[in-house]
Amino acid sequence: MILGTIMGTVVSTRKCRNLVGFKLLLVEPYYGEKKNIFVAADTMGAGIGELVLVTTDNTTQFALDRSAPIDAFVVGIVDAPPQLGK
Amino acid sequence: MILGTIMGTVVSTRKCRNLVGFKLLLVEPYYGEKKNIFVAADTMGAGIGELVLVTTDNTTQFALDRSAPIDAFVVGIVDAPPQLGK
Amino acid sequence: MILGTIMGTVVSTRKCRNLVGFKLLLVEPYYGEKKNIFVAADTMGAGIGELVLVTTDNTTQFALDRSAPIDAFVVGIVDAPPQLGK
Amino acid sequence: MILGTIMGTVVSTRKCRNLVGFKLLLVEPYYGEKKNIFVAADTMGAGIGELVLVTTDNTTQFALDRSAPIDAFVVGIVDAPPQLGK
Amino acid sequence: MILGTIMGTVVSTRKCRNLVGFKLLLVEPYYGEKKNIFVAADTMGAGIGELVLVTTDNTTQFALDRSAPIDAFVVGIVDAPPQLGK
């Protein structure tokens, strides 16, 4: 999974019908290349600036109530920035 | 998912039969390495210059009416360029 | 999907039995890092120098008659090099 | 699979219910870009500083007792740092 | 698929039970970033220095007798180093 910071939201009025009901969040990777911002779907209500745990690819489906074309999904909100070596 | 800008179309006369009926679009990543242009299938009618949301890998199948060898699919047209921090 | 140019073939006598019958092609990415040459399976008869459309990951299975351990498969031969903005 | 070194843990109180029971570990790649630290789930009890083998994507599911939205999972603890050429 | 050179082996005594019986090989990519060494499972008996064809992600499962948490698997031993343009 990837740790990332919520940077904003994406609004799409014309979208695939089984994306309806998901919030679409811009996520900046916490480690590695910060410029590689991607979009993750969310149902936890993560807010801007929060650090989240995102799962990717087809494994997102195991966090959903119904199948959806989502390749990145917020599966956790992180309590505090991690400290390496602890 | 990835945000990308439609840069053109790809024409392939000799192609896999279950790709027939999909428009094949060149997509430039909006964030990260812009040179990594890829091809996404589309049925929404996204036009050149539009900003779209693309899902990847096997999760594309949940946006399709029938299974197809498509690893990138346009699942939404974005209303306006996102603003970081909002 | 990825656009790529056929650069050569790979010959493997000792291989997984359900790879028998596929041509194995070296593909150079048309966009992005050209040095990241990979191997795609083909049944369309794409030749050296031709520009092809390759699907990746598990979605390859939807282009095959039977399941096979193939993570990149030629799903189309492109008519002409794409022109950005058209 | 990827070889990585355990660098720390991630604590997430608000998380997807089928992530409960997994330890979430920060993993630094042993080869390649060390800055690309990612999060892997673990049930083996790998400790900080240990070298582990991590499988990714949907293949994680074959190591789990029940499906879970986990795209990186510790499948082995490595006995000793590998030596190239041996 | 990826072409790679076998650079060594990985020994893991404490591992997931459905990894038992597979040899774990260190593989250096033949093209692209050689430093991105990864681990592939093998049942063909590929030896150090040999050039192999590796399939990735979930497609590995179609080369296995039983499902296993393996995201890279040796599916062929290459007869000779490929020559570009031939």
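By written order: A, B, C, D and E. Residues from 1 in each chain.
Assume contacts are C-beta pairs under 8 Å (C-beta built on N, C-alpha and C of every residue); 3 or more make two chains touch, one makes a residue touch a chain.
Predicted model only: the values in this text are computed from it and were never measured.
Of all chains in the assembly, none touches subunit A and also subunit D. For the touching copies subunit D and subunit E, the fraction of interface residue numbers used by both falls below half; the interface is of the different-residue type.
Averaged C-alpha coordinates put the centre of subunit B at 31 Å from the centre of subunit D. Mean C-alpha positions place subunit A and subunit B at a centre distance of 19 Å.
Annotation for subunit B: residues 57-58, 60-61 touch two or more other chains.
Following neighbours round the ring, subunit B first and subunit C right after, the list reads B, C, E, D, A. Looking at the complex, you find that subunit E touches subunit D at residues 7-16, 18-19, 24, 26, 33, 35-41, 48, 57-58, 60-61, 67-72. Considering their complex, residues 1-3, 31-32, 44, 53, 55-63, 73, 75-80, 82-86 of subunit C touch subunit B.
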